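Following are the structures in question.
Across the two complexes that follow, chain A remains constant while its partner is chain B and subsequently chain C.
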Partner chain A sequence: MAHVSVPMYWRTIPQRYKMVGQKCKKCGAVNFPPKGVCKHCNASSDFEELQLSGNGKVHTFVLIGAGGAPPEFAEQMKAGGSYPVAIVELAEGPKVIGQMTDVNPKDVKFGMSVKAELKKIYTEEGVIRYGFKFAPDAEGK
Partner chain B sequence: MMSVGISGYSAYVPRLRIKKEDYAKAWGSFQAAGVAEKSVMGFDEDVLTAAAKVSRKALESVPLPPGNVTRFAFASTTAPYLEKLLSGTVLVNVGMPNGAFASDHTTSTRAGTEAFISAFEHVKATQGGVAVVAAADAPRASMWDPLEHPMGAGAAGFVLSSDNLIAEVEGYSSYVMEHFGERFRPTGGDLLQDLSVKKFFATAFMTCTTKACGALVKKLGAKPEEYAHVVIQQPDAKTPGSVAGKMLFNDAQMASGLVSTNLGDLGAASTPVGLAAALDSAKVGDRIMVVSYGSGAGSDAISLKVVSDRKPVPGFKEQLEKKEYIDYIQYVKLKGALK
Partner chain C sequence: MKRVAIVGAGQSKYGEFPEKGIKELFFDAYKDMSSSVDKNFDPRQIESAYVGNLGSGGFQLGNMSALVAEFVGLPYIHTVRVENACASGGYALVAAVMDVLSGAHKMVLAGGVEKMTDVSGMKQKYWLGVSGDTEYERLAGTTFAGLYALIAHRHMHEFGTKREHLSSVAVKNHKNGAQNPKAQFQREITLEQAMKAPVVAYPLNLFDCCSTTDGASSLLVCDAEVAKEYTDTPVYVSGFGTSSDYLAIHDRLNTVTLEGTKRASQSAYKMAGLTAKDIQLAEVHDCFTIAELLAYEDLGFCEKGKAGQFIEEGHTKIDGDKPVNVSGGLKSKGHPIGSTGTGQAYEMFNQLRGTAQKPTRQVKGVERGLVHNVGGSGGTVSVSILVR
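Take a look at the complex of A and B:
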């Protein structure tokens, strides 16, 4: 299992629950998830916090089917069947990976508008790990 | 005196549904009077993710930034933890201030109105106060127990303040008594129990709902026929009708808020979702009566008067239509009933 300890998870709550990103003070690029050094200019670790909107578009996606799920998602796959995982291009620029939710896998399309929502990701050490997944956004442009 | 009421609201209905026919196929009958189908949460959802969604949407419907919230009240009978603050998860996700007073209301299906009234009291007493109420529920019982048949899933959120009102709260009344033997979960148990004596439930339900509502109508000097919408706790789709007549309400008044026909028993979110549905179809000047019930036992009655035609998007009806059916086996898996 891709083990993420409770303290490590806890420290990343702003990005996992609220999608707080960072804006590089040198080149102005937006990083998400937050980085130690700006991944765009590779020259600055001086950031300001930026609250992302959670809006984005599906850049690409894949369906995780039987046997393809990592151990922490095996139960989810057994209970709910195959699930889509997407790379989403956020409105603010960064591309992030995340599960799609609240959608029939057949209805996922390239370029569809999505919005980040709080969902249960998995449970480890008796602790429910909440975080964002992407749901179709009918009102999205 | 300053008016306090609902400035924004939102309902959430999970996309998945199961039909009564699938229960009948599995068990020979479906024991949820008047319920045609019910809503089911997905594997990655729980009452906190649903509460987060309605809290956010309710604030957006005003619109009001989450940073303005001074009070957050969460209600559910199906908490993912028996001990650990629940409201904090929602508060952080939505971006409400850490200094807002947050509370969890969890021990009976009356919790939704309990949260609503405590939030209302806060706004009344706080200059510029803004409260968010989120009631979300997906009650559970053993699959072997007919008590499980009506149990659905849903959530509703409300923003209470003294600005930009959609509906003004005219007042509330409560009735609480000691009662036992119906719908209880002893310490250490995960599933609801019921001694299955219909009379136990019927007596307490009748007493609490009619006393709370009767006291409120009297206090306000209102007449039952003045209410265009009446929302009574819906453990199934027939029970509210069994007490409505005693309060001099009729079926037409209950039509807009009878959500259990399509969603089942929403537990602590039953009257909140019913209220959101009623608000969606209400016109300016309409009065709405909400009467909750929680086993153990108690009821709250809340009277509202609609003062604006503003409606959230998407509406409750649109959400009802967006659905995908699952069969009984998928249902049992999603409910976590296969260990």
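Take a look at the complex of A and C:
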């Protein structure tokens, strides 16, 4: 009953591990996660790969409580309690959703400066899934 | 536009019914619809059926529209299951209207059904999570409560919307639902109860979220030219609009606007030759309390950022100047996913004809109403305008 099956997860390894985005050759805007056609101009699918810095600012955030966690995150909830999830506006422009880590949930703030780190997300189908989470950077601490 | 009419509408009771599956629930709605037609109803005249449904917990995903149609005595017709997550019912109505407008069929059923309580809590969360952006939003550890909470928190941050405003939506809708004999939760709640409920995804708590529900609804849609053969008081679909949006909230240009709602309503207003000011009554998609506040703004009932003030001033109460969700909304009436959109139209049909079940919940003199149905966190939206 996996939500993100192993094959589905595998296809996004460049995004999970290295935050590889797309720079549109027509309009110059950056897409992350990738699109078939650039979401800014809706006119081109001619991209160059762009590795994002992982730096960004918290655009909005929530604190997921026991009733709000998907079943595959129940283990994390049991072990660590409520966890913060944010939409982060990355330095290169795109926004992306991710969990916050290495931070006291009550210290998360709008506009907080964060950096992506490669972390274990969860284990499903016997396979550990790694991906990015956001931690306060030097400025955000 | 007065080219398409609704001449009958029915709804099963919403709630938890261990003895009923999708077939039986759909039959309840169908029987209720049949008995609401004033004269000359003949099932053999129904030429097609559009049935909103997300997946009934995964039990009958294939050919479910043919199954529920034959169960109620409608074999050998054109049937389609319409799936756009929580907006499936709203899109089923639009599909029926387009079918009639195309001239392909004169008498069409638009309905919806969902069976949600048969499955375990864990499986429900699995099913309910399938309509957002699975690859990123789900893998960040969120369900829909978390996603709407992301919108709510940003709305509070940008516009000063307060927790009380969110809870006021729940209190209002439970007050309305307490009067609705077909609602799942026919009881009022206090502001204090709503404020102090356990946190699901801060800033949203348990009373900001709708429940899981079994239920079905059904509408009889026909060419306006023949409507008077069935009733002296048809309800007309004078405008409709739909719009998709980016599924993931992080992909949207604006976190605090459902662009789909804006675009769908603007199309509907234009077709009907009306503006937001002309709407006298609305059933909007309040799957979470923040969703109703967003609807006030994105449907044009108030300015962007002013929804908190709008509910505080009482405009949307049953005795206000723009009553919203007099049925109790998804929050109190219940949210059987595939049925929600046509269930909203069922309420509006009765309000427009003055046949709401109790005098206490009948809004007087309504001539123009709007129904608004949202799929997922806004990935799909349908709006229809119903008039006398």
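FYI, the second predicted complex is superposed on the first by the 136 of 141 C-alpha atoms of A that agree within 3 Å, B and C clash if a C-alpha of one lies under 4 Å from a C-alpha of the other, contacts with A are read in each partner's own complex, and residues count from 1 in each chain.
One rule holds for everything that comes next: a contact is a pair of C-beta atoms (placed from the backbone, for glycine too) under 8 Å apart; a residue touches a chain by one contact, two chains touch by 3 or more.
As the structure is a computational prediction, the values presented were derived from the model and not from experiment.
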Give one word, clash or fit, describing how chain B and chain C relate on chain A after superposing. fit
Which holds for A:Q76: it touches chain B only (first), chain C only (second), both, or neither? both
Chain A: partner with more touched residues, chain B or chain C: C
What is the contact status of A:V4 with respect to chain B (first) and chain C (second): first, second, both, or neither? second
Contacts of A:K26 with chain B and chain C, given as first, second, both or neither: neither
Between chain B and chain C, whom does A:N104 touch in the aligned arrangement: first, second, both, or neither? first
Just to be sure I read the superposition right, which of the two partners does A:Y130 touch: chain B = first, chain C = second, or both, or neither? first
Taking the superposition on A as described, I'd like to know which of chain B and chain C A:Y17 touches: first, second, both or neither. first
In the superposed arrangement, which partner chain does A:L118 touch: chain B (first), chain C (second), both, or neither? first
Distance floor for C-alpha atoms, chain B against chain C, superposed on A, in Å, equals 12
Under the contact rule defined above, give the chain A residues that sit at the interface with chain B and also at the interface with chain C. 76, 99, 121
Along chain B, where are the residues that touch chain A in the complex? 15, 42-46, 48-49, 52-53, 80-81, 89, 92-93, 95, 313-314, 324, 333-334, 336
Which part of chain C faces chain A closely enough to touch in the complex? 122-123, 125-126, 129-130, 134-143, 145-146, 149-151, 153-154, 157, 198-204, 206, 246, 248-251, 255
Residue ranges of chain A touching chain B (in the complex, touch as defined): 13, 17-18, 51, 76, 78-80, 99, 101-102, 104, 117-121, 128, 130, 133, 138-139
Given the complex with chain C, which residues does chain A contribute to the contact? 1, 3-4, 8, 12, 33, 39, 59-65, 67-71, 73, 76, 82-83, 85, 87, 94-99, 110, 121-122, 129, 131
